[in-house]
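First the structure, in the form of structure tokens, and then the observations on it.
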């Protein structure tokens, strides 16, 4: 990576604002656009009103998620709307262009202009890094909504991928009795090797009644009618799975169960940490691209 | 302990309500007074409107804290006031009478009637048990008020007694870098043996600037003007110490520092767990008293 | 899986002996051959002198490793040699046949007879389960060979796969300061998410001098001449990598460094646990095969 | 503490040898006597053949234990015997004199000469620091003598003082299922708060049969005939308690149980760490003495 880059951060939420600040603190020249005003002045960081000089950028960073739908850039911190097409018109193929969770429509808009948007959200290292604030968010939600301590609580975690592992580790460390439900034998072996009880996902409905907290991380309907009927009424259910989620919310509501479907926790519970993780991932991408 | 006791739970908050329910679930005959209506019917548990039959009780349990001041019983769940004196008039010295954090005035009222109020809050095992929800409450507050994850945060914990130890253990387990400040050499040795960095409390003011979170557990003015001036403006300060607290709040306010003085966390963050801990302590006291 | 199977355990070391015992305790009819005498009589377990009735078996289990070389079965507990070919002659294709670390020559012998040896050592869940005793063996070796406590020791772990992760977790839990060296960005992200410092493997030679213990888990020459010259003379090096190992042993010797190349730790440090892990894996294989 | 002191280290084992080296590395002028030859030359460290110039010392450090019995200094690294009396004759009351585990006879010899031997082994911070290598030694012994992994093993720890706590913490971290037996309610509350199951010591004999490993830390006969009869034959018993120990060894032998009575583990498993802990304690003592 060249010692100093000219970087534009275009659109986004608090994570992008923090990202811009961290990039400037690392010595890069950073321009922001459609990101509101910086909270505090940072040397090397300028909020721009127009995109005209973005063609000089080495690297242009679009938000996570890039699109707000309807052809608009995702700009929750800005006071007006920013259509994506005219922004892409100002960029050129020789620049390193990246964004998070790039949808097909945005991808098409870029390709029409000869641009490639590298998706930093598709990088494994960012997914792992984001699993940490997600896991902490799950701890926070559990603490806020349960009248008992995590210490001593009986917790079931469904799925043992990135989020499942880091979430399970935290609840165990706080003194909970943690069991894992997973489908694959090697995931169950990992659960056991890391000190957790484990059960096969297929037998789920037979042993749900004993838990104080059930956390789902699998993006598939794992808690349907049959399973929910076995859940203790005082049990809290946290669904961390992305759409379509893992819980039959309608049925849960009829049964009077408390379900919290928590999406996008990293940006909510720890925007500064989430911004730092994006920065670190973009550095890896730039290094691989030879910049 | 006799297999089944006649127990009256008189006054109190959600912890006492839970305590009454748990005692009934253990098979005792339980009467509540000045504790509002039970949330759900429990066999063996009766909410009483008058105290007249409390003279048949084997054990009478007053709240934590017993007195609400001005000679009144502490009855936050009841709709009217209950003076302490007439309640004590109905009790007799052959009963096992206990309460939490008994003040001198209440103690005097009891002695005038030949009664002894055994203080369950003075028991070491309850203090230890309460340190768990206090430590979890500190984690929850930190998560709610910090824009970064606990994972990776630099945390200083002042004091290494009950609350300090269990709080430090939790933050370490969540991935924070935890240092301990303590005065006694053996406490510093404990800190080191349990995997924490440790520094002598007297040198505090020289190394406060690097922390993201400072948690005080010492009930003495350890963070005065000199120390506070060294604290980073983005640092969060949690004071878990009982009155008078450990932070010069006035000076902290002038410096624009965020300080949260969190008292009585167990009853707030985990009333059910706190009620169970009181039950367990009262059982120990009854066992020692030969009941 | 059928409630009761007829199982033959043919050859092997203490792990297979334990495996046979555990299978019998689960209610199966178990015969051993070329495995020495059982230490204690177990109902349902018979040591056989001849293989003639093995054709009645539902499942035949060969050792880990199957072959001792030179066409012989691996039979360290038996008092004589057992050529593989005549053993395979007695088996039939309708039986479930399995073995661990099946070499090409053995595989060829089996195929000539229409047999398939399912390799339980190639199963991911066994590899994970075996990483636990390997990690414990690393702890034991470090304790035995270092004049300092693990607590407070500076430990570098090279590689963050199965063994690297479980080993790192244990040393951290014992109070060591643990860093990870890995090549892939997502492994480094995992290291960080699990609470470890991490550095890219390519920069290894610049920061080796500060460690008390270096543990390699990567089966490639990562500690060559240049790296070894940077290692502190009092540092212990443990190589857990399978052949060819990761350390230039000749150069290490010239430099006077202590290197322990520890292979096959599970069978050595915890044969009972290792036998139980094989049993659990074979059950999964039988279940998938519909038995 | 004065920047540079003149210190004599008189007698002792590997811990004292390491202590002398560390003191010299801190910039003090260090003389050793009756401690054998240093393994490697260290600037500022001199091995002396006679004590005549010890009267110039600011601080004289006797070994842990001071006396070898029969009026002799404890000098396992020296090639001849050193009577204590003539050594004490050479010292003067204005020097800071310290030793470890000072017996009454040695104390009397010192007092006759107007000397006070400050006992560093009686300091709480050294006792805590020594509990770490003791706990690690227990892990090492368990790993060496058990055919199963610590991970998953059922472990009972009797007593929850310094050694009990740090030992329990380590076995839990390694994946064992750990229960605590203690007598005092507050110790049981600590056990529970730190994540362990706990049972009262008086009920011990009713639930011993399920354990793979029993570790005693209480210096009183807690495992007598009745208790031992309930222990599983394959269970390992480690006794870490000082004399008289906690196990009826004769009865255990008759029952065929494996008992390891492990004394003085710190000096054996981690002499360097143990020497550093003594140094740190002596510094605290000197600081309190105003040197």
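Just so it is clear, A, B, C and D label the chains in written order, and each chain counts residues from 1 on its own.
We adopt the following convention: a contact is a pair of C-beta atoms (placed from the backbone, for glycine too) under 8 Å apart; a residue touches a chain by one contact, two chains touch by 3 or more.
Given the structure is predicted, the values throughout are model-derived calculations rather than measurements.
Homomeric contact chain A/chain C is classed as same-residue, with over half of its interface positions used by both copies.
Taking the options B-C, A-D or A-B in turn, the interface that duplicates C-D in more than half of its contact pairs by residue number is A-B. The greater number of contacting C-beta pairs, out of the two interfaces A-D and B-D, is seen for B-D. Spacing of chain B relative to chain D, judged by their CA centroids, is 37 angstrom.
Centroids of chain A and chain D (each the mean of its C-alpha atoms) stand 50 Å apart.
Contact with two or more other chains is made by residues 132, 151, 175, 193 of chain D.
If you check the complex, the residues on chain A that touch chain B are 14, 132-133, 136-137, 139-140, 143-144, 146-152, 170, 173-175, 269-273. Residue ranges of chain C in contact with chain B, taken from their complex: 151, 175, 193, 195.
If you check the complex, the residues on chain B that touch chain D are 123-126, 128-129, 131-132, 166, 169, 185-186, 188-190, 192-194, 284.
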